[in-house]
């Protein structure tokens, strides 16, 4: 089971066109721009980045909740990006999604029974009686009970709704779940309950997660490998522990250093980035990070960096690592 | 130490047309001159309502301060008229809100909005006002201050808007600034910028800061002292190091322990069971009793008073000297309220 | 790697927890009781419906029977509560019968315009593409022409009468439904719970019929109730101008039309039918407003 | 901004052409057009002659093309009754309609905006309750009936104002009030609810937190925010106002486009109807166009782009 590729994303792109009126050229927003990564069976792979970096769009494009502009999404050997709608629809039982906002992602007019029965009905997995048994058992698994069957979403608290959202994703026994900021709308004390639930479910059912989040402490806690995104591109991929111990990309370094301390006595060296994230409609030339990068060199302004590979699958897209070593050392020591 | 703000036994009642609810039930805390006080709690714990009451910004028709005092420099704010309050707001006390995207008026320029507190509280000529605004905009680290003053909010990013909000709060050099979740809507790297800015500004302007947040790491980063609120009550108050080293209330303990960074990677996180009770569900006894791992008989029947140990206050029966079977040691352990 | 769900013993009885919930009707009345205006609107509508159903049995006089010996009697004379008109017909009886016409016109127009507009709105909003572009252009064009004038012109061209005034009003009125329903559908499409359905694998039609349609119910009800008042007033205006429902049918609008020539001598001819229109429109509007306020807050949760 | 204006202008043209097309076909499809154009007692020969003369024997698309080509040039034919040219006749009535509609619009805005603002400012006060009740009532009163009642009181009973006709400012008073009544109710209500919405916004709280007094908050700040939706509504409602003008003109025998249109509809004088439809659609489209530009002016988010 280990080291088997479940999902591989190749050159995935999602561009949005914004019309500017008749006489101006359309603006192309490159929400996801040439993203590559693979997810192994049974692991938790994280996409991390700040708002607008394209991590959610990547997740949605993989499941074709938004149609990708270009690229391949190979899931268990099938290229999802090319599947006709109906084929894709029947494949969806193997891959599910948990959404950020548990309030918005449940239909307010449907009872919990209806919400949870629907996936089973759609994929006609079981007869009615069996389905109900499944629904009840999944409710118990996520920490609710059959007592809640005929209630409506607005009768639940945020944490409970997210449990229902997870139950809906789990009921078809998928192999793969994309969780898009599943805990960021929740309070701290409820957050830990939901993280625990997700960890338990993974252990019990051998699930693979694609975990999308901006919260680095949650990512550090529960994921195996991380891809860091900036302006629609992946800048670094590494094992979680590697990434947190030895971040290589200047953006990753800044991002990690910005994570708030967890104890007042902790002292932290901060790399405070200049300015704001540029608009993906008008990204900087060359390496998109160069205007904010403390180590920016001439080459960064004009050329897109290649991927540099390190041990254990740690990859970085940065000119610092494609140049010769001396220059790197120079740049780092003079920062 | 001089106390700039004292809140005593504050009780606030809301009427939603159907029933009365009390989201704030007897809140005590104070702010010392020059310090940063953190108020932490989860959504619905009453931390924002408390801060709005200090600003006199509670909805007039549907809410009411039932009892208590809010002493600002020994003046009771809870009895001020709207006119008196107005002279205070933006002048001696100012506030920064959570949502920088919606907190600025979309149809007025930045300069127009920033000129308002100066117009209201200071007698200044137009050119002097403009000068002051540009100076403050520069102080909060906005580039191109001379241009930004004539721009509209939608032309700025979230981080820049929050800087504008801070400069708005700063204009009249208030003695007390209240920041209600100032970085919650922002990205981590921007959050780091804004927190740094708040620290510098507080130091330079010699003011006190109340920082309202749900995020313990923001507290660890910024605060001198912390008040922990739960379901409309203050359950614990301590100096920041003390709170993180030795939290006394089981709720605070749970919050700190459930931080992912305080747990082994991939292990089950510590978590507080159950949910916050709704205001209508609160009965006799301790508000945290239904979720508390150490709950015992007395917790369900009697509301605990605040037990004080030095500067560390906690509202939990476990701290009752009798319950702890610890003999009272002179003055170091007294019961207030 | 199939992991089975834990077995649930078959003896587990599925309890129905509906017992402690209020039925829809109870909720309706409980909400109604909270609003004075809602109650007034509801009562007016109830009375209106009752007299339009049972009107023909409760009228004191034949509303069509002319009697020149009794023409232009003031109110409260000769047993005529609201007086008689220029042909000696009992105004009270005519107003009662007019209620029926107003109700028929209001309801059938809303039914036709609502159904057609809703279908167009759904097609436009859900399937988008060129169909949407074409349909919305049509709606734009029609909306760029005053409603009442459009109804007048259409009615003048296709001819008067009850059926034709309903058709004219429906042709004039469907666009509002199309516009509103389309924007509702567009908003719903963007809702996360619809994305969640796609992610679950629900088919396009499943999403439309099981998830979008039920959520359109509320806006359709609200819009319909608010539109009925518009239709009733529009019909009265058209009839007043001499189109629409023709004499001797006792529509409130044409009663006013006939009465306006006697404005200097007999005030009651123009007074009572107008009051009838006003009270009806008031009732429908009040009820519609109340419906919107309660259903809207219900939508938003607590 | 420029291509926004051009885009909207094209839209105006399309709207007007389509409106004409629809009315043209409605008239043609509703029966033998010749019969419509002639008095009912016309003889068979007369009908045939007329049909040929007007070109109704030709295929409908040719007729349509010809009609549109002529219409674009402003030629809608002659009135079947008075034999006057249709478009100039309609245009000659336009000033009267404008006078009525614009004075009613100004009157309603002058009453409604202060009333709505005050109502919102003093929410739930006696004043507010009365104003809300009046607006609800005002929206339920059919304008033609209000006109009749006003005539009854001021012309028939008090005899201080004329019951109809035009000429002096006194002739304008009753029609103006009649036409404005519905708009006053609607605008007041809308201003009030928009103001209440705006007053709940975060940025109002911000202004309050900077010590802005409530009066200034309402009058200076919230009002400008509310203007955007109010302008939108007023623009949308101008159609209703124009439609109402038709009815009001008939009630008060006001010599405007509406009354002419009504008479022509009664007389089945279709060249005039078509010319009238053309003018009304054009006016309405142009008003909407102006409103859009005004809207862009008030809303910096559109303007700055």
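Every chain is named by a letter (A, B, C and D) in the order it is written, and numbering of its residues begins at 1.
Just so we're on the same page, a residue touches a chain if its C-beta (ideal position, glycine included) is under 8 Å from a C-beta of that chain, and two chains touch if they have at least 3 such contacts.
Please read these numbers as outputs of a predicted model, since none were measured by experiment.
Colleague: Which other chains touch subunit B while also touching subunit C?
Modeller: Common neighbours, subunit B/subunit C: A, D.
Colleague: Please tell me whether C-D or B-D has the greater number of C-beta pairs in contact.
Modeller: It is C-D, judged by the count of C-beta pairs in contact.
Colleague: Which chain has its C-alpha centroid farthest away from the centroid of subunit A?
Modeller: Centre of mass proxy via C-alpha means gives D as farthest from subunit A.
Colleague: Which whole number of Å gives the spacing of the CA centres of subunit C and subunit D?
Modeller: 23
Colleague: Can you work out the whole-Å distance between the CA centroids of subunit A and subunit D?
Modeller: Taking the mean C-alpha position of each chain, the two centres sit 54 Å apart.
Colleague: Just the number, please: Cα centre separation of subunit A and subunit C in whole Å.
Modeller: 48
Colleague: Which parts of subunit A, given as residue numbers and ranges, touch two or more other chains?
Modeller: In subunit A, nothing touches at least two other chains.
Colleague: What are the residue numbers in subunit B that touch two or more other chains?
Modeller: In subunit B, no residue touches at least two other chains, as defined above.
Colleague: Which residue numbers or ranges of subunit D touch two or more of the other chains?
Modeller: As it turns out, subunit D has no residue touching two or more other chains.
Colleague: So in the complex, which bits of subunit A are touching subunit C?
Modeller: Residue list for subunit A touching subunit C: 1, 60, 63, 65, 85-86, 89-90, 92-93, 96-97, 99, 101, 103-110, 118-119, 122-123, 132-134, 136-138, 140-141, 146-147, 149-151, 154, 165, 168, 172-173, 175, 204-206.
Colleague: Which residues of subunit D touch subunit B in their complex?
Modeller: Contact set of subunit D toward subunit B: 123-124, 201-214, 221, 224-225, 228, 298-301, 304.
Colleague: Provide the residue numbers of subunit C that touch subunit D in the complex, in ascending order.
Modeller: Touching subunit D: residues 37, 137-138, 140-141, 143-149, 152-154, 156-159, 229, 233, 236-237, 240-243, 256, 260, 263-264, 267, 270-271, 274, 277-279, 281-282, 285-286, 289 of subunit C.
Colleague: Subunit A touches which residues of subunit B in the complex?
Modeller: 42-43, 157-160, 187-193, 195-196, 214-221, 223, 240-241, 244, 254-255, 258-263, 265-266, 268-273, 275-276
Colleague: Which of the residues in subunit A end up touching subunit B in this complex?
Modeller: It comes out as residues 50-51, 157, 159-160, 187-193, 195-196, 199-200, 214, 216-218, 220-222, 240-241, 254-255, 257-266, 270, 272-273, 276-277.
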